[in-house]
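There are structures below to look over.
In the two complexes that follow, subunit A is the common piece, with subunit B as its partner first and subunit C second.
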Partner chain A sequence: MSRTAIGNWLAAPIVAAIATICLAPLAILFLFSFFSVDFVNIVKEPTFKNYWTIASSSTYRGLIAQAFLSALVVVCITGVIGHPVAYFIAKRVKSAKSAFLVLLLVPLYTGDLVRIFAWRVLLGTEGALNTLLLWVGVIDVPIEALLFSPLATHVVLVYNFLPFMVLGLWLSYESLDDHLLEAAGDLGASGMSAFRRVTFPLTAPGLIAGGLMVFVMAVGEYLTPQLVGGASGITIISAINDLFGTAFDWPLGSAIAWTMLAILGFFFAASAVVLGRTNWARAVVGGE
Partner chain B sequence: MKNRMTRRSLLQTLCGATALGSLGAMPSLAGSNEFVWMTWENLAKDDYLAKLLAASPIDLRKNFIGTDDEQFAKLRAGGASSVDLITPGLDKVEFYVESGLLQPVDLDRVPNAAALYDTFRNTPLGKKNGETYGVPFYWGINPIVYRADLMDGEPDWSVFFEGDKHAGKLAMRDYALEGIMIAAMYLGIPQDRMFHMDDAELGEVKKALIAQKKKLRTYWNSISDLTNLFASGEVVCAFSWVPPYHELRARGLEMGMALPEAGVIGWCDTVAVPAGVEGQKLEVAHDLINYLLGPVYGEKLAYGGPYATSTSLIRDQLPLDQQEKIFVKDLSIMDTFVWKQNPPRYNEWVALWNEVKAS
Partner chain C sequence: MQSIPNKQPLNGGRRPSATLLRANQLKKSYGSFEAVTGVDFDLEENSYVTLLGPSGCGKTTILRMVAGFETVTSGELELSGQSLVNVLPNERPINTVFQNYALFPHMSVAENVAFGLAYGQFSKDEIAQKTHAALELVQMSAMADRRPRQLSGGQQQRIAFARAVVNEPKILLLDEPLSALDRRLRKDMQIELKDLQQRLGMAFLHVTHDQEEAFALSDKIIVMNKGRIEQQGTPAQIYRQPANAYVADFIGGANRIAGRMSEVANGVGVIETGLGKYRAKCAKGLSAGAPAVLCLRPEQLCPTQADGLELQVTHTIFQGADWIVEARARDDTTVTYLAPKSRLPLIGETVAVGFDAETAWIAANPHEGAA
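Coming up: the complex of A and B.
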């Protein structure tokens, strides 16, 4: 038996495990999405009814669009904040780089709920921020919109996912050759021009990697909107949760889940195709 | 002695450790006396059950639930064979029965069931073809709880639908059934129609709930979270469960509890036996049900909950103030409650609720 064949056989259990653990549940969900429900019984006669319900419901369409838009906003904000943070850690910190990276990751060790409740303490009507603003005299009455609002949701989501963006960008900055920036300066490029024409393209792989991670996590997030989003905290994921739990409508819940997955897949595939046609993308991703 | 770790020995050690670890992670192969009760955490405190367990050889394992829906989903997904007693809401028992997940309870083996209050003995809920599948076990109401120091007077349901005085300081539970029931009570839809509303009535309910949403600070999902929201002043009035009222009063806050004349939502949880339970476990299930309906457990729950059990066995031994606390001082009050039921169009209720929240 050749070494390649042996390798294939050794890989077989891993492939089987991945197929069982990752793909089988998705396949079952896909199957369920074509069933319907009659009280507490799943009717196993194939139908497109659930997908039609999604397409014809402005509520579900709106919630799906909101999930993707909201995730895109979080990606953009974390990208803007992440660049200087990653640059600072990669290029300015010399001796305690690992300490800064650990510091960046510390909030992740505390768990979602702890972070969310910490933000509540900070942003609440009687919270630290409102108290400070009142004490300074900037405001006369507490700003209620700081908590239980879409603003609060996005602030907390950015805080939660920023480390993932910074890690991706930091790796790119670490491999960025400083001499290129020096050369750009020597050739008369301003700081902004050097960033736009040298730094940004060369750190784009990190931005893309970090952005994808943040995007996927933000689309699927529902705890944060539920706990700090107030009356507007509904998400498509919490709607799916309601369908699986409260309503016992597993088929419709499965159909929404698969619609989300399909849109996500389409989004990534379209991005890859569009980016793949540009010289810039081929250069930064493929090294051409 | 040379003790060198090779790659092969490292892999062998890791494989061995993994195998042993996975053995440890396997569900314990239940001993014959292990009995699993799926229930709410506050119902299975050790001191509540101590007397039963001291006199019985059973090894009681508690499997806590967060919501009734979660319990149903677990059983419906195939988990029924791993539990011996469950705690569904009286209005939800129908779901389990129609799914073939329960067996009837032999009330002859539950002597304390003879003392069930009439309301629970006569209810058609929890029964099918004359047989009882869910034995009413403990009950209570979900009232309006409010910060009496921050509100002028006792509110009724209209506080959630009219006026702007407390807008942005109100909270509702994120639960379709109760949210829609409250809107129906506010709109004056009679109890006998409430769970069978037609499209026009549901349309009115939806309008009222969309108006309500603008006045809410948030929809709450956990009672401890709501308690914190009251304590921090984020919320001054909410459709609530009873515990925040007692807890925050004990912490020195001036709290109020309102029971609107238009109706108060009453709830009752049952104990039910999954279909596959048999033999000695079935005997234990009946013994446990009997204990839960009895005076020892009833007294513990009356003070510890504070909640009332569904039998009269402890009521007369409780002081009047404690009777009042758990709503059994004047039993006629039970007739004024709107007991939760399962609406036939519940899927549409849930869809409506999501439309309101997304509006």
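Coming up: the complex of A and C.
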């Protein structure tokens, strides 16, 4: 047997595992998305009805758009916060770098629920923030909109996903040559100008990598909007959950899931194009 | 050797004159460590000045303080009489050629060169024209659309140079700019750098650990050691009249015979060594009784019949035109001198060499106890 053949055989179990664990469920969902429901029976006759339902329903369209827009907002906020944090850890921390990275990741070791409930304690009407504001005298009655609002959802999502953005950016900052920033200053660039013309483009691969991670997780987030979003807690993900559960409409649920997947795929492809085609990214990532 | 392009110097062959940059008791410390211990030096307009010394001697720290990348701990740094101490790097009319070139990898060669022009009051046409002229100056116009990583080290060096001088700085700082190039290319670039400096009429402050480079380029050399300036002067002064044993040693090649001054008058002194008493010109600040060294360049020594240093030959080394003869004196001092093939001694042979007292030099030896 040739070396290549042995390599192929050794890779076979992994390919098989990916195929059964990852691709098979997706394929089944894809199949289901073309079926329909007749009371409690699934009719296995191919139809585009489900996709038409999604396209013609302003509720579904709105929920899908909301999921992506909201994820985009979270990506932007984590990006803005992530840049200085990543810069600080990569360039300013000398000896305790690993300690900072562990600190960054520690919250991820606690469960989702614990972190979300911690925020309920902070943001609730009798929570820490309202109590503080009352005590200082800024407000007379507790602000109810702090919790159970889109604001609360986004605050918690940013908190949850910030480490992923920082990790992506941190890697880019680590490989950024300090002399390039000195050169920018030497040639007349102020701090902001040097960031815009040198730092930002050269750390963009980290921003895109971190951004994609955050984006995917934010789009698929289910618990946070349910627990701190209040009336705004209905998301496209909770809709899918309802369709698979109480409503027993697997085909429509599958169709929505696949629509979401297709849109995500589009975002990934767009990022790949940005990374591969634009000059600055090519110069940084390599290849011509 | 490469021929020097026959171009008219832009500055009309002006000689260095008025002081442009002045360092006064300039000091930099990191905690208790003093990287630069209060140095004084001047950089004259249109002059090529080299900071020369081993790594860790503080020369790069001085350069970085002039550029503005390092703060000044104490002392004064003035450009044309104006203090630079609290001026940000981007507001100093000073540009740097970095050791690793620090070209922006995400920009083309032309974009790199035009980077600093965005901060001047130039129209698009002017920027394009200046960029082109700068690339022309370093003979790299053909590479304008390439990326830095597609260029060789020597080409990147030229771009780094063009990117700095296109802004017409008052001072150009060069941080070991030739150290990454191979020996041959380095020689060519030395000639070119000197030529460019003369044509641009710009003051260059160049940091290097290579004394050959310093000699080839400089109007003035500042020899540094452990954060101090050991000597500053023209290459000829540094070479022929080293202030002390450290300079004589670092510049290399000088035979040093240690002793003590017995008399000093009018710049001429007598040194008593284990090999005898010698009269020669001596460095400033020496007084009778001070430890000193008699410095003799190999080329100042020649075999003689009478009244010379008696030496026993230990090695002979072929070096092109002449042979280097390494020999040992009575007190075990190693002495080298040059001999033509026709007068090459045998190893183990005893020879006598003499020198002209007019060209010999006595330098201070302040580190005698430590060395």
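One rule holds for everything that comes next: the second predicted complex is superposed on the first by the 278 of 288 C-alpha atoms of A that agree within 3 Å, B and C clash if a C-alpha of one lies under 4 Å from a C-alpha of the other, contacts with A are read in each partner's own complex, and residues count from 1 in each chain.
Just so we're on the same page, contacts are C-beta pairs under 8 Å (C-beta built on N, C-alpha and C of every residue); 3 or more make two chains touch, one makes a residue touch a chain.
All of these numbers come straight from a predicted model, not from anything done at the bench.
Q: Check subunit A with both subunit B and subunit C modelled on it and let me know: fit or clash.
A: fit
Q: Looking at the overlay, what does A:L146 touch: subunit B (first), subunit C (second), both, or neither?
A: neither
Q: Using the superposition on chain A described above, determine whether A:L180 touches subunit B (first), subunit C (second), both, or neither.
A: second
Q: Considering only the touch criterion stated at the top, classify A:G62 as touching first (subunit B), second (subunit C), both, or neither.
A: In the superposed model, A:G62 contacts subunit B only, not subunit C.
Q: Residues of subunit A touched by subunit B versus by subunit C: which partner has the larger set?
A: The partner making contact with more of subunit A's residues is B.
Q: Per the contact definition in the header, classify A:F248: touching subunit B only (first), subunit C only (second), both, or neither.
A: So A:F248 only meets subunit B here.
Q: Once chain A of both complexes is superposed, is A:L207 in touch with subunit B (first), subunit C (second), both, or neither?
A: neither
Q: Return first, second, both or neither, reflecting whether A:G124 touches subunit B, subunit C, both chains, or no partner chain.
A: In the superposed model, A:G124 contacts subunit B only, not subunit C.
Q: In the superposed arrangement, does A:R197 touch subunit B (first), subunit C (second), both or neither?
A: So A:R197 only meets subunit C here.
Q: Name the contact category of A:G230: first (subunit B only), second (subunit C only), both, or neither.
A: first
Q: Working from the superposed arrangement, determine the closest approach of subunit B to subunit C, counting only CA atoms, in whole Å.
A: 40
Q: Mind listing the subunit B positions that touch subunit A in their complex?
A: Interface residues on the subunit B side: 67, 69-70, 72-73, 76, 95, 98-99, 168, 174-177, 213-214, 216-219, 221, 225, 232-234, 346-347, 350-351, 353-355, 357-358.
Q: Taking the touch rule as given, give the residues of subunit A at its contact with subunit C in the complex, in rising order.
A: The touching residues are 177, 179-180, 182-190, 193, 197-198, 201-202, 279-281, 283-284, 288.
Q: What residues of subunit A sit close enough to touch subunit B in their complex?
A: 37, 39-41, 57, 59, 62-63, 124-126, 144, 147-148, 226-227, 229-231, 233-234, 239, 242-249
Q: Could you please specify the touching residues of subunit C with respect to subunit A in the complex?
A: 67-69, 88-90, 94-96, 98, 100, 102-108, 115-116, 118-120, 147, 149-150, 163-164, 167
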